[in-house]
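Labels run A, B, C, D and E following the written order; every chain starts at residue 1.
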């Protein structure tokens, strides 16, 4: 990725808040509604041909970002744009650009309509977005896509329940590929799969990227997978990006204590370690701590960490949101 | 002895002037007595009045029985009688019977004059529905006036308390459920029965009512369904009694409209005429309907075929005019063709459900009988309030089944209310739901009203009945019988007004 | 209890009652003709007019609706055309009969239906369970009125064991006439309660079975077993408690069915309750009674719904703590 | 799941349960009888001219006094009971089916809207359903019946009775379906294939009707089966109370109502046969419905 | 039948499983789900059972605890607890052993707790079922259990409901419940799969501590090799219903003998081990009922020969590291 290239996806100050509006009665009783700011102040760019991995523990807002970027959800603040145009607008106005951003979901069981044949599911975007027309042409394209994802053209006639999880995920990928997208958002595409199947899928995704050159926004909580597939990594905690930068930088020398904690927590395949386990648990997202969101679990937290939310700042070839990043080795 | 008996509905109130519901009247009659009574054969006999005579100037003079006391022990006075007459005359429900009464004058302690706006020859018959209440009691309990409907917001005392002169005292009235009587030992007349305590319960569902009898929970039930009669008779220890009801059933046909309602030709196109207005059509219908068959199959013999707007038990009924038209389908079809309906036509028969015995079956049987001459009849069954509303606010019917009685049971009443041309001003023809109109007939009625001579009246009754027959004012079907079932130990005879006269009932010891 | 949750439920209840009052009033407007209902066929036209005026039927309907609501709020529903008594009195007098009948039937149906359903769920595969379920299907399929009259035929007419109609002896406790304290009252209750309960037993059993099957599949049941908790405890404590929620809801709805079918049962057994009153009123176009009955039912169901919601919150800690 | 293989699966699965198989066979037979009534029934009870009053109250042909022409005897009008039963079955089934079709249509539509649109539409619809729910179906049916009758001209009520009953039953049950559909829609709408379809550019209507609705139909189907039984029963009860089908267009319920009065009279056949048919019908519908539920309801599998 | 035992391990096995088969009873033929499963559990040791989804890991645990329900049933083999057979016990007796001697923990802490009872009620119920403690004593024991598993403010927590706990806390509660009867054996079926890595690390540490402190014999079922590496002393690899390799964890991870184990480990993307492509296993594990002839892994195996298809290969190799393969990798001198 040259610095000159324009980003495909530009996420700027993205925020998304969930939770009911304060109802009449609640307002009358002076109650605050329970609101979850699932994502706040998130900035990042996705360049052509690159893979950006988004990691973080469950509930930190990864899927929310994915949905905003895909135009499936309207951000509460900020914007996620594709080539300068808001994805929300693209989706709502059904602009032609929408075919350029596709998505693969985590759960292969629910990502295919159980009543549709595999071929029908794959053909849906082709037909609706008018990418091909005519039965024969569509069928040919479906067959081609099936082959690309390592299935056989005959599989188009089968129903989802006749496939294994890995095969279903392949079909989902074929469907995402069907529009020849520039960006594919992968929301934990392998976390429901066995490692042997995961390897097949990851390899295939890499091959496809080599072949078609699309970008991946790859969401996962498995750092091993990140290290394997990503060019750049963004680490999220409680709705914010706490560290973002090139993979090598981050994995070689994590600067944010959270990133470090995550990496230490991953059980290594090697000999048993006696390192103490991480501290504490994720705070209630509806009620996050003041200042640095991670300070409640951070071994390095100081009084100043509770004051302000640390902003992302450049350090050592990546951006990190920690006041003490330099001090922590 | 104790008698437990059951009927289909409960008495609504014990205020004898506040309702004209005949079940209520029949039950209230145990405690309240009328000035003139009807005996078991529907003949007028002295009640609280021992004599009555017409004394000109539209006034009737009543001589009151002496030594009669109310249940609270106070003697009955002429004041009480006069009070009761005027109280009842003011009741909206009795307007058509007593609305003409202007004064009830106390002449002396045992004499009261009833003055009406016009001379009224059938007043004595009507008086069998005029009940006597204690004036002092009414004043003491704030029921001087008939409870005012719609406006009153509390229950009137007379609803569940009674102070009459009759053979039974009211001990307990639970509205809608049960009524308990005890014998009035101070009654002026002789008890022919031996009941000294009686309890009446309402059991709406006929099978349940029958079950209550068969299981011994009650000793007597009224309104036995026809199909169950055999079952009761065959069950050891039970018997059935029956007797004619003062009521006749008939099919009434639209006699006025130029286009009949809900009637079509065989292709479903609206008729541009009113076939019922044509006497040939009416005759054709009469010839097609086999009322013998209806009586024997639908009514299982518990009815009597009739051929005029009256039946035994009506004052003025003329038995010798009774004639069986018979069934003649050929003639019927010929008449229809002659009237311009060679293929027949389609029409709707409005049919009240309940109220009278087996109405739905009668209607359906009539429909199938008429189908034989090409008249296709759709039976439109309606619950009673709907049916009543249709008649009263219209009448919006060109063909319907109805039971007719004439308020007092005098044929004159039948003539005036049911057969006379409708006239809102005079109130005549008020219940002429058929809107039948015949000037000759109206003339006969006018004459009848002002005639007091029994023989002349008899002739006029006959003349009126004859015109009705000749013009086929309606299809006269039958006079239904009342059927009671009871345990063998009970002796009670069926009266035309369906009252179980407790003073006449004997309960044996088994 | 969360006050917002509670307040919102009460709000719903009031709304329901208000809407029903509109419907009930409107119904009174179109159904039947009170004047005919009161005076019968043979009253002269003048008498009809007079009565119409006297009853205020010539006023425009909003005026009458306001009057109606005003009266209703004071517990006044006017006079029954037919019974010539204040409707409120009639209703108050008849409530005990229906309530005792419905509650007995409810208890009976839950008391028999719940164990049946549990048993059928636990031994899902056994032939006894399928026999039970088939039996319960037959139970649902028998028209209440046929059951009622058959019971009468057997137990009253043939065996002479039970009374065929009425409530037997009642005792007053304050304004409440109860039949539960006398032998004859209890005897009279047996058959109506059974015929009312029969179809409900089947309903409850089927529901409990379905819910139970679902709950038995849950991990916490497996985990309870893994902890060595005895099957009996697992079934009747762990599983049943979780099955309770839908049962509470259904019991609420069931009271609806019970009241509705009480109309039929009361008719068959001449039970002096609201059902016979309503039916009589319906066939007689006794509008004040119909209207009052509807309002009563609406209040009743709004109340039941409220109670069900509250019970639900009690039985399920998740709801209890959740925001309304 | 393919509808074809699905169907075959169901049939083979059913074959292993004799009770269900029996019930399904009976149901099928009853439906065929009802559908073919005009051709198979010995006579047409609505052809009044064919009735002979003197043939009334005949017992079944195998009993003393029976008439070979009337296999199951005759009613009070001399109509052949067998024919009445066949036509009554037809009416009952039609009423049941149409009523359920109506409530399914209303419920499905409102449920789809509520579950998909959420927001105020959801609140409104579900609140209405709640209100409706508070009223027992039968009372509601009585009311609607009463209302409709009082608003129609007298002489149209007869023909209208059928539609009134269907309307009353249909309207009184839609909340069941709406709730069910709404829940299913909410669960389906959250599934990823719906998201994927949105990404493929499909509009809301397309997603709702092509994806969500077909996948939400199973529970509806099951409940509908059960509801047919319930509708038939309620219609019978309404008829018993005199607010159902008229005697000239009898349903099984009407036949039972008419026959009810003959329970003690010894003319048992007038009530026994319709009751038997009704119970058989409702039982078989329920058995098949139960079985369907056990098979189709994913929660129970 | 080959039996896997380690001389090195302290003490004699608490639980021995020998030749266990579980079948799915169907009309006609029974479908084998797991075959010939044998292993030992020793006090103070954690045995890891690893394998892909559907390999039969859970089933082997459920069968031992007598938790199979029809149509599943254990058709062969024996299970001994301290030398006494328990697979032949009546369900009633088995229920007495479950929770008391053999405890279990399941994957999903969200659904393992009954939502309508407080944590305290569930704990006390279990304590009273298995110990003599009643009332106050039981409550005190409940508090101490919660403290043992690292739940702060235990007394207050007793009166709370499961939904008031976070996922990690819930799993701790589940473990506390499993420990309530002071069992000898703990079966943990994927206890950390639903949790975040940070919490997973905490729970693993907890397990290890408990085993050491209490001398529990534990079996940890998982499909995460990392968890195996960090938590277990010995491990068994399952494939298509059979154990295909057993041995000490260190040895297997270091020098796997079965080609499946080796391939599986290589296909795991690991931090710091960059490869452009992951070595991948082709195809998928066969489902019960469609097992190939002979070695079930042969269709996916690079080393497969005709001999592999003849018969199911027996376990072979040194006592502390056996594999069911006729072409084992990393042969050692002790191999026959």
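Assume a residue touches a chain if its C-beta (ideal position, glycine included) is under 8 Å from a C-beta of that chain, and two chains touch if they have at least 3 such contacts.
All values reported here derive from a predicted model rather than from experimental measurement.
Trainee: Looking at B-D and A-E, which one has the bigger number of contacting C-beta pairs?
Mentor: Of B-D and A-E, more C-beta pairs in contact link A-E.
Trainee: If you average the Cα atoms per chain, which one ends up farthest from chain A?
Mentor: Looking at centroid distances, B is the chain farthest away.
Trainee: Distance-wise, how many Å sit between the C-alpha centres of chain A and chain E, to the nearest whole number?
Mentor: 32
Trainee: On a C-alpha centroid basis, what's the spacing between chain A and chain D, in Å?
Mentor: 50
Trainee: Report, in whole Å, the distance between the mean C-alpha point of chain A and the mean C-alpha point of chain B.
Mentor: So the centre of chain A lies 88 Å away from the centre of chain B.
Trainee: Between chain B and chain C, what's the gap in Å when you average each chain's C-alpha atoms?
Mentor: Centre-to-centre distance between chain B and chain C: 39 Å.
Trainee: Quick check on chain B: which residues sit in contact with 2+ other chains?
Mentor: 207, 211, 214, 383, 386
Trainee: By residue number and range, which residues of chain C touch two or more other chains?
Mentor: 32, 149, 153, 157, 267, 282-283
Trainee: Which residues, counting only chain D, touch chain A once they are in their complex?
Mentor: 1-2, 191-193, 195-203, 206, 211, 214-215
Trainee: Under the stated contact criterion, what part of chain A meets chain E in this complex?
Mentor: Against chain E, the touching part of chain A is residues 57-58, 164-166, 194-200, 202-203, 206, 221-225, 227-229, 251, 261-273, 276-278, 281-282.
Trainee: Mind pulling up the chain C residues that touch chain D in the complex?
Mentor: Touch residues, chain C against chain D: 12, 15-16, 19-20, 23, 27, 30-32, 130, 133-134, 137-138, 140-146, 149, 153, 157, 206, 210, 213-214, 253, 256-257, 259-261, 263-264, 267, 279, 282-283, 294, 297-298, 301-302, 304-305.
Trainee: Spell out the residues on chain C that touch chain E in their complex, using ranges where they run on.
Mentor: Within the complex, chain C contacts chain E at residues 125, 218-220, 222-231, 233, 238, 241-242, 244, 315-318, 321.
Trainee: If you look only at chain B, which of its residues touch chain D in the complex?
Mentor: Spelled out, the residues of chain B in touch with chain D are 206-207, 210-211, 214, 225, 227-228, 230-231, 261-262, 290, 293-294, 297-298, 348, 350, 353, 358, 360-361, 364-365, 367-372, 376-383, 386, 390, 396-397.
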